[in-house]
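Common to both upcoming complexes is subunit A, partnered first by subunit B, then by subunit C.
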Partner chain A sequence: MSEETIVGTNAPRVDVRDKATGQAQYAADIQLPGMLYGKVVRCWEHAHARVKRLDLSAAAASPGVVRVIGPKDVTAKRYNSSVLDLMVSESMHDMLGDIDDQPIFTEHVKFQGDAICGIIARSEEAAERAAAKIVVEYEPLPVYLTAEASRAPGAVQFTPEKPGNLAFQLPEAMFPNHALGGGDVEGAMRDADIVVEDAFYVPKQKQCQMEPHAYVAKVDSGGRLTCWTSSQMPKLVQRKLAKLFDLPMNLMKIVPTVIGGGFGTRLGMISEPQACAMALAVPGHPVKLQTLREEDWVISPSRHPGKYWMRIGFKRDGSPVACDARFENYKGGYYLDASGTAFTAGAWLGGMYRFPALRYRGESYFTNQGLTGAYRGYGNPQTNFVLEQLIDRGCAELGADPVEWRKKWHKGVGDDGWCPGVTYPSCALDECLDRGAAAIGWTEKRRKYAKQEGTIRRGVGVAVMNHTSGAMPMLLEHTACTVKLNEDATAEVLFACSDMGQGSHTALKQIAAETLGFPFEHVQLSSGTSDVAGFDIGAHASRTIYVGGAAVKKACEEAKRQLFERASLQLGVPADELDIRDKRIFVKADPARGIQAEAITRAGVYHFVDPMTGEPGGVPGQIQGYVSFFAPHNSPPFGASFAEVEVDTETGEVRVIELVNAHDIGRAINPAAVEGQLEGGIQQGLGFVLSEEMDYDAKGRVQNNSFTDYKMFGPEDMPKITTILVEDADPVGPFGAKSVGESGLVSPIGAVANAIFHAIGIQFTEAPITPEKVLKGILEKGVRNYAAIRRS
Partner chain B sequence: MKNRDITLHINGEQYSLNVAVNRTLLDVLRDELGMTETKYGCGTGECGACTVLVEGKAINSCLTLAATMDGKRITTAAGLSDFGRLDHIQQAFVDEAAIQCGYCTPGMVMKTASLLAKNPDPSEAEIRHALEGNICRCTGYEKIVKAVKKAAQTMPGRATAVERCKEVVQ
Partner chain C sequence: MSSRILPDFNLLLPQSVAEAVELLSTHRDRITVMAGGTDVMVAMKFAQSAAKLPEFVMSLENVPGLGYVLFDPEKGLRIGAKATVAELLAPPEVKQHYRALWHAAQTFATAQVRNTATVLGNLLRASPAGDCSCAVYALGGVVVLHGPHGSRDVDIDDFWLSYGVTARQPDELAVELTLPPPAAGSRSAFKRMTRMSEDLAKLNVAVRLEMSGNTCVDARLAMGCVAPTPLRLTKTETLLRGHELTPEVLQRVAASVPWEISPIDDKRSTAEYRKQVSGVLLKRAIQEACGVA
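After this line comes the complex of A and B, so read on.
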């Protein structure tokens, strides 16, 4: 039984009252005196073209227009809107081949929605009217929507640094033969008794965060540029913008706003460069740039789609001998995040099962689709769809139970995680599988549904996953945190990492209060502005609690150490014999002896001399704890999902009846928030596997950039959800916590696909598995009972 | 563009305005009155983030021209609560941890108010149906549905409202 009284409780969210009444201020809600309105004019008619002529004059003369700026009015420097390149060393950066290829306004349109020029006007309406008066003539170029098309000989080159339009492949210097893994894959495959193999397609899913991107930027009289943004990574965006506009970082200020959902789309920048370029054109005036929903859809990066081929070899006894895989993803027109997902999709593949031999090749090709970048799961959903289906195909051929097979062959404590050399310190996946199987009624339903008649068929499926808690060791994992004790023994914690809505700031505040021994209500946590808060990477890689929480804990421990040191002088007892509860410091062996923390903090700040004795009271100085924390390890979470589906073999419709998400999260700092992450993850996972994909026409124009045409699971589509939190405290994470932000989305994907396989005996290699694809599969292959396809 | 003089009764206060006839209620609330508690999510009536009550009925303010609202009684999420004191619906959303990023919340709360006014004792299926026009990308709707159930249970004057609805149905 743990002794904590705040950690592990459903403490109320810190921002929730403002959000319930609508008072929370998102970027679009900001109104400043003298504010002007920006509008980015974009290329909507072409996905690949050169700008032959651009005439800004009619727009500049339009009523209410202050300035119109084109490519020649802004820095010629290019940028990379992702921030991954800042999280690796310079030599790693060169090895990966990261490049800056995005202009603020382009003369070579590489995707529909590429920015052409900007209008600054006195109202949004005036800016819109002026936008219609921009004269631009294009020379259309061939449109490449797949890797096959863009790497074909003679294709237009997207950027000279990347011949063949190969934006990225695993670098030879780190990965011999451009492959991640090790062992003799070919030899092992020859010796395998059963080999399963297929080529899959994984979809271009959109984050669909509810808040469309919006910004305000302003240059003040001292030449300082301030940008209000909902980026997930405010400190790295500060450095990116400073570099782009040749400003020292102290003259580039970021004000983080409340974030209306991120899911990866705000990992780095989207239109911050355009917003800042506009502000620089009208010094002294704040410029607001509000992105329209249909625009947001097209310009912000989505999940990487592409072809994913895999084969897995097994011995007759069920043991896996090798896994060979290749993911060719379709980048958009620019480089951002080309290296990240191409690598991590394979990393999580390597982290899942004990394959004696593994070869994964990951490649990113430029295409004229919209940008691709970070999206919750970051390569893991793609791998889950492919790997987990092939494992179930193998299990069917082996006559093995998919739950039992996974329990036997998944990686666990002491095995290498997704990065070789970084071993798993904890793993409770077996318990996830056991409790999940019991919750869905696995054994009974697997047997019952293996033989069915009729047009409506049911099935149950399982899938597992491993994820990450921070990005150590591949990327920098650094968070600075300051905790300041006020004179009344309340605490203020400064921590730059944003809360995107997950509730991370609430959980961090719980960690701070628990560590300090202060009531939850007596701790304030703020992410501050870039000129006030210390360094932090930002909210990505599900790191905020595991890394940020550890930083907050250490800073609070330091403040508590100083507090105890002073109490020890007063009480005449060594500091290590003291404890604190509810702001009262006491002697562990004699709890009646104690002192209020406030007596110490007050004396430290108001350090008066006693007029009677001439002696100062207490120890002088305000107590502050500070840490510049680098994560020492990475403790990935694990999860098992179970799905029950119903397939209508006449219409092809798949209805998800129940979804069980059982996750090994180490320790839930705030259980309701953890459940919320896993439940929300299910909605996005179901979309990936069943309904969500951005569609393009042959000219590379998005066909479904609206909530009507892009189908997400709504409240009536959602299945019965069961969330199981498996708490097996991790030895490294703060209070035993591992991550939960991304992982809930991942394994529902494989579980649903495998449940369909169980229901109708067909596997689908293209996600999302829409009714059309199900019907086509049934027409081509026929509905089969699962029992009939098992060899044993 | 023509303008029109209108009077709006928003959250109990009267506002006399001269609005362009092409301005939506959402634009007027946010840009002209600074009432940013009502959110822009899509501008096309697909997401429900801009939901407000007009004469007690939920509407998408992004699809409603302000000029057509002359004399109407309008309630926004801020109008449900005294400053800092939440009403029972907002409190239920807080208690059930139904709020994550919070961007859909004002719309969800208004839709719930409209639902409970018509149906003080909704089944889970009725709740889910009522929320179909309000998109949330964070919660999977699980805790939002629980919050609406709780709001129904904690609604002031619930017993009377349930009885009245039964009579109407009979």
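After this line comes the complex of A and C, so read on.
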């Protein structure tokens, strides 16, 4: 189907050998001469309190302690640990109302784990022993764990900038009545024959990346601050830290380290400000700051939990007439990206079905839970849990087949995607639905399980999703890339966007090699430090291949253009009549005529004038391709998931037997990596819908910030997985590729919930759907055959 | 919150049981005994206050001859204090004659923990959630304790006194767990419910039944996570003894369980749920022991 020889193959992953053999160097592995060790002293006993008294003296006198720093020893400036505010224009920034509300060390504790002060010592042990000697007296404040509580009249205000503790709502200037959508929702609902409606709760899910957050920071003799970090967005973190510490960007260096998993938790900063503040307190000494797993758990942002209400109206013929929704999320103690998920949850909703009328309201309220921010899916899992269950409730009442209904009413090519005015350039969702349905045996099982007897019931469910490839046009989509050809015709690609373990650098290398016509092994790809790599916004929004890949491709095309220009002089044939394969440039019409790329690259670098003749040996100059690339689109991927579950009606336990993820990914650059992304997504999607949630006690203290009591799906718990890659090349993406980074976890959520509905005739509005909730539902409502549900 | 630092302690490394007992006599409450260390180490890193930290940790590392798992058809199964959960799974007789314990050991925690944690340690931890504890309770047995004045056997029925507390005196060392020899017509089963496969139980149950045909001659029923210690369901046992295992009897048995247990809400489940499913789980364990699917 295509002529590519490297793109589309399972090229070996560039990162796995080092990771599997323990040679990958994470920030925690870094050892530098004269290194000191930092420890952030945190408030563990309160989720909301004021610091009445802070006495650092006993800790400062503790053996091995070099410095102890409190709020008065660091900049009084505040920051916003998310980077979303850097990705919008200033006018948009003002309209959204993004604020900087995070201090390095706080005197108003807003969540359990808020930072109080920092200790710098000669060993980790000394720092920890000193931490125990910090004296803090707190004045406890009322703890607000929900939006209802924090917006109540008289509630303590988290910041004067956000009255009523309403961190964010869709701005009136862009969204009239603070609502996304259009059309006459109320009128359409009055005309509807069937209206389904419910209030849902979506859980506070944690990314659980393997590498706990760790940093090294150092100020050198020239006053230059360097921070080693595994942030997903090194370039934006550079600007954030430079601004916070009043440094010109050339004096704020970022060294990206190997990332041990991100899933959004490293989207921006976590403890970089504290690490840098410590380094500034002890110039000349590197300071290493590591977090314990339980600490990482509470200080890094999680997925946004909250209440999600929705109603959908249908005509009796099945046509949807309107969708009305409201998501009130529990933001946690600080603002960071309060605007992001509150918007995107509605954006994905708007992008899914052809609702003639839509009204979505998204609000973020400060609470004293842990912070919320980016987590793979970014608002889409929440919407999927709600929307897809209500669609199936509607289908049940209409007597419609959920697959057929979705095929009829999902959006497609030419329709507006998640952003109004930006239409879908490609859509292969029908093929996803057809192939997924065939793989799970949809028709037969749907019929068979509709009427069952006995204790153990089975069900099959479907759900679909749309996502995005980069965040254009809402957010900046800019990637710079440099490709340098060495004299031996090997290539070095410099590209600032990190590989979080998703396989992006492998796929980018494939794109580079394919475009250049060089072997995969002769291309090197580096992220570099902030000194050397050009701008890139970072790895988020499933953009690395779609945007970054396009940038790499363009930079390589530019290098190839120069290569062909020089070859054309040698071969006497116009450049556009040339091609290259395996480093040999040849005339398309006469492949026997050609020249090795190396002859050109070598002559460009080792350029001499013949002393006998005075003739130059080839064209001088090292070839470099460079692009500063802005994505023209966001080509959303689509996906359909099918789940088969078994429900034990005596215990409420749900076992997922099989999960089929059929995804419209445009084109798989590296099919094995794409399958890995979709399978990994399933693991997190299953956790969202069945098992994962951070629990808090009434005082706002997290109860399960460890793997002992926060339960993810383990290897033995995973179902049989079937991954179907639907390759329908996108007209915009590089080699037809759309994204796959986040989307795999989204629709398994709705599919599992709908399979439970099919099995026992009950829908569950609170995720995760634990056995405790299922059994309660069964005892209250009784197990019903799906076939008995249809109302009309 | 845990710590990167293991708190300071004095490590004691006795070379024999006698020396271990002597050290216990000398330091008594100030000693924590460690075999596999899977509980001791975690507890030390998580200790909230210095008062909860042991002054001495006595490791059994160098004490020879305690790693055995020995089966004798006449005397039963002897499990030494240092035998790990993984080692318990090795002899085929364990699976054959002590099915409940074998099953508990097989699904116990994770492979890494099974390779390190000891069976006796699980009992000595005196957690109501211990899977091996639950199975041993149903199977019956004695814990052999060595003290300064000699050895004594404590029946498992008298072993757990309250949460985290056993009948072992501070100067005694638990050296062995002995399970009775298999009786004709005896069968056992273990079942547990967890949030995920690799997890602590939210509810576990073990049964040992002496059957004559379809009639239950004797029964020992044990349940975990429903009281401060592992619990014998003695009242429910009486509903089985002398009865044929008809669906009606099983129904009565299942219905009796919630009245005998006093579970709590915790991180793994709720009291309500535990009561709701306790009878179901017991019924299923009985059916499994009797080979009924």
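The rule is short, and it goes like this: the second predicted complex is superposed on the first by the 790 of 792 C-alpha atoms of A that agree within 3 Å, B and C clash if a C-alpha of one lies under 4 Å from a C-alpha of the other, contacts with A are read in each partner's own complex, and residues count from 1 in each chain.
One rule holds for everything that comes next: a residue touches a chain if its C-beta (ideal position, glycine included) is under 8 Å from a C-beta of that chain, and two chains touch if they have at least 3 such contacts.
It should be emphasised that the depicted structure is a prediction, and the values quoted were computed from it without experimental measurement.
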Partner chain(s) touched by A:Glu653 [first = subunit B, second = subunit C, both, neither]: second
Which superposed partner A:Asn704 touches (first subunit B, second subunit C, both, neither): second
Touched partner set for A:Asp15, first subunit B, second subunit C, both or neither: first
Dominant contact partner of subunit A by residue count, subunit C or subunit B: B
First (subunit B), second (subunit C), both or neither touched by A:Met712: both
Which superposed partner A:Leu292 touches (first subunit B, second subunit C, both, neither): both
Partner chain in contact with A:Glu128 - subunit B first, subunit C second, else both or neither: second
Touching partner for A:Trp44 - first (subunit B), second (subunit C), both, neither: second
Subunit B versus subunit C as contact partner of A:Ser691, first or second or both or neither: second
Partner chain in contact with A:Leu775 - subunit B first, subunit C second, else both or neither: second
Subunit A positions touched by subunit B in one structure and by subunit C in the second: 124, 290, 292-293, 706, 708, 712-714, 716
Complex contacts: residues of subunit C adjacent to subunit A: 1-5, 193, 195-200, 267-270, 272-273, 276-277, 280-281
Residues of subunit B defined as touching subunit A within the complex: 30-31, 34, 36-44, 46-47, 49, 76-78, 80-81, 84, 86, 90-91, 93-94, 97, 99-106, 109, 125, 127-129, 131-132, 135-145
Subunit A - residues contacting subunit C, complex: 44, 124-125, 128-129, 290, 292-295, 650-653, 691, 695, 703-704, 706, 708-709, 711-714, 716-717, 770-772, 775-776, 779
Interface residues, subunit A side, partner subunit B - complex: 10, 12-13, 15-26, 28-29, 31, 124, 207-212, 258-263, 290, 292-293, 500-503, 672-673, 675-676, 679-684, 706-708, 712-716, 718, 721
